[in-house]
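In what comes next, subunit A is part of two complexes: it sits with subunit B in the first one and with subunit C in the second one.
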Partner chain A sequence: MITLDNVTKQYGRKKSLDGLTYTFECGKVYGILGPNGSGKSTMMKAIAGLVYPTEGKVLIEGKPVSRNIARNLAFLSTEGMLYKSFRVEQMIQFFKSQYADFSKDKAEELLAFMELDRRQRVSELSKGQQGRLKLLLVLARKTDILLLDEPFVGLDPMVRDTIVKSLVSFIDFGKQTVIITTHEITEIEPILEEALLLEQGKITASCNVEQVREEQGLSVLEWLKTNVHRGALA
Partner chain B sequence: MSTEFQTSKPIYSQIADRIVQQFVRGELLPGEKLPSVREMAIQSGVNPNTIQRTYGELERLGVVETKRGQGTFMTEKNEMIQKMRTDIQQEIIQAFIQNMRQIGLSDEEIHHSVHECLKGGGAS
Partner chain C sequence: MWLLGFFTIYWLTCIRVLVYYTNSTLIHEVINLFLGLLKKDFLLVKTYLWIWLAALLLLYMAGGLLASYYSVFYYMFPLLLTLYVGHTVIFPVASAILLKAEEKGQYWRHGTAGAVKLLGSKLMMAALFTITSLFLTNLFMVISWVIMEPVSNPFIDLSGSIPWLEGTIFNIAIVFGGLYFTLWGLFLWGLFHSLAQYPALKKFAWVIIFAVYFGTQAILTRLSEWQPVKNFLQSWSIQMELTEMSASHFGNVALDFTDKGGELLLWPILLSIAGLCILFWAASWLLDRKVEV
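Let's look at the complex of A and B:
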């Protein structure tokens, strides 16, 4: 269980998170939607223990989050995950050396799945290949929590499709708590259970994905459009 | 490629519909084993919980049977197979008639146009 209790994060004058309160249940897959600058990445970093709240608390299994939380949490961030001069296999070795839960076997499986060449240097990889490599690195770990911050950004539809497939194949559903921030909602919708809308540092709406279809006949994208506040997209 | 889903219907029931259609078309045979929940989830690119619900729903309807420790199998009961066939036919016909009425055709005209179309070699 991940609990955000009245979390505010202030950068100078701007409140990136503004009294955010929410509880993520174990073993569920969550989608965090919201316009740019709504606080999605800050929220992820707060859960990962990379950003400390100005006010409020972030708890994982009842314990306050700290840098040590990385032991049981894999975080795909939008920047700073890959080293340009490394080869693919060196990136894998590096992650193996840093995380005791990193599975070499799973990494090999993922390497084939993602069609990556172990000899290639990160600097030579296309954006799509870099996106796949990042995902490989987090999915090869066995953690209770998986945070994916914009896993689709800048990737073409074919790569996005591969990524969705890899998520279905490699997420430990029912055990891993997965939180995904994205704008590419249509691709990811079939694997989400809950969707949250984040606006100006607050969760302004949330829904169960299948329930919204069943009761309102809406896809998450349509649901999002009816719930997002005008002006927030400016 | 993962398949596209309509927005108006829960995904679990769309996958259930698809399985029934495959069965009626003969792509799935009576007594045939369905992919495991996980395999099916990967094939369709959806959350395994959704497939769990699909199989649960199909079992409730008598379309599939779950044998403990063995997996999920299509029904072998003849009356069930017949029922699925007629159900799907009814559904298609209902939708067709509704569409035709919406564009202002009388029942007689619908009848006539279907007849003419079939006479002329049918819809190709």
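Let's look at the complex of A and C:
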């Protein structure tokens, strides 16, 4: 269970997170939606123990988060994750050396699934291939928590589709708590269980995706449009 | 007999414990983790290393050719000495290259390795960079020396014409000097990035960095001038017995590495080492707890 207890993160006068309180339950897949600069990435980094709240607490299983949480949490970051001069194989070997839970077999399986060439250098990979490699590196780990910060950013629809398929195939549904921040709602909708709307560092709306679909007959995108409007009015 | 039996059992138990721990998963994990970091840092710096070694070779060859052309080959020695002293800069520069590679996104902080291991690996790779470069420079020095003052086999030269001992001490001093600047660099780098947490201070980050460095230096200088501290620092010394050797004159250039020997003050050396350890620990502490992504 991940608990955000009145978390505020302030950079100068700007509040990136503003008194955020929410509990992420174990084994569920969450989608964090919201416009640019709404605090999605800051929230992910705070959960990963890489950003320290100005106020409030981030707790995982009741314990305050520090960067040591990386033992049990895989984090796909938008930048700085890959070394340009490395080959794909070297990136895999490096991650294997750093995480005891990194499965070489799963990495091999993912390598074939993502259609990546192990001899290619990261600098030679397209944006889509880099995105797939990042996903390979986090999905090959056996962790309780998986944080995916903008896994679709800058990717074409074909690549996005591959990534969603890989998530469906390789996420341990019901066991892993997965939090995904994204703008690409349509692609990710089939795997989401809960959706949260983050605006100006606050959660302005949240829903159970299945409930919205069955009771209100809305897709997450439609739900989002309605709630962004409400949020703006509030 | 009893005593012999007791010691046999004691040593056998010790060996068993040692074997258990070296085979344990935890130790393997820690070793793998650190080796992984070392390999990563080597891959990050290796291109720079090859380029630098090639540049060093070209510089030496160009200098040698030019000096030979004008029949002033002994001018190679000032060039080589400049290169030697330049190695105090190479150590921190190699570390800076390694840190720069991690700066974008600071994702390296997301991992199972503690800051001591993260920085330790970078420090070791920067040391490897410096020592490899020093080794090549030493080789050039020996070649130049042999050209100017031929000996049958310079590496088993027993005549004493090549100052091996003095050279080794000089090399150690250079590495130590480089380590000093590197550890200060690591600490100030950590401090600089820690200030990102405090936007009001961030504007004056460079002022704070300069103030911390020069302030510390000023305090240490004042302290070392204080008579009781001076007495303490001079209270423990060992006598250095270096072979006295006449200076080597190559043309207008005189090289005299030798010393008639003298007192080597131990407290300043030990305190410097302790100071560097504190800097390393402080840099690691900042990286673990204060630097943000």
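Convention: the second predicted complex is superposed on the first by the 228 of 234 C-alpha atoms of A that agree within 3 Å, B and C clash if a C-alpha of one lies under 4 Å from a C-alpha of the other, contacts with A are read in each partner's own complex, and residues count from 1 in each chain.
The rule is simple: contacts are C-beta pairs under 8 Å (C-beta built on N, C-alpha and C of every residue); 3 or more make two chains touch, one makes a residue touch a chain.
All of these numbers come straight from a predicted model, not from anything done at the bench.
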item	value
Subunit A as common anchor, with subunit B and subunit C clashing or fitting	fit
Superposed arrangement, angle subtended at the Cα centre of subunit A by subunit B and subunit C, nearest 10 degrees	150
Contacts of A:I191 with subunit B and subunit C, given as first, second, both or neither	first
Subunit B versus subunit C as contact partner of A:G62, first or second or both or neither	neither
Touching partner for A:F94 - first (subunit B), second (subunit C), both, neither	second
First (subunit B), second (subunit C), both or neither touched by A:V164	first
Subunit C versus subunit B, contacts on subunit A by residue	C
Which superposed partner A:F173 touches (first subunit B, second subunit C, both, neither)	first
First (subunit B), second (subunit C), both or neither touched by A:E214	first
Minimum Cα separation, subunit C to subunit B, after superposition on A (Å)	28
Subunit B-touching residues of subunit A, taken from the complex the two chains share	29, 161, 164-165, 168-169, 173-174, 189-193, 210, 213-214, 217-219, 221-222
Subunit B - residues contacting subunit A, complex	1-2, 5, 7-12, 41-42, 44-50, 53
Subunit A-touching residues of subunit C, taken from the complex the two chains share	25, 29, 32-33, 35-37, 39-40, 43-44, 47, 101-113, 197, 199-200, 288-289, 292-293
Subunit A residues within the subunit C interface of the complex	11-12, 45, 48, 50-52, 66-68, 70-71, 75, 77-81, 83, 85-86, 90, 93-94, 96-100
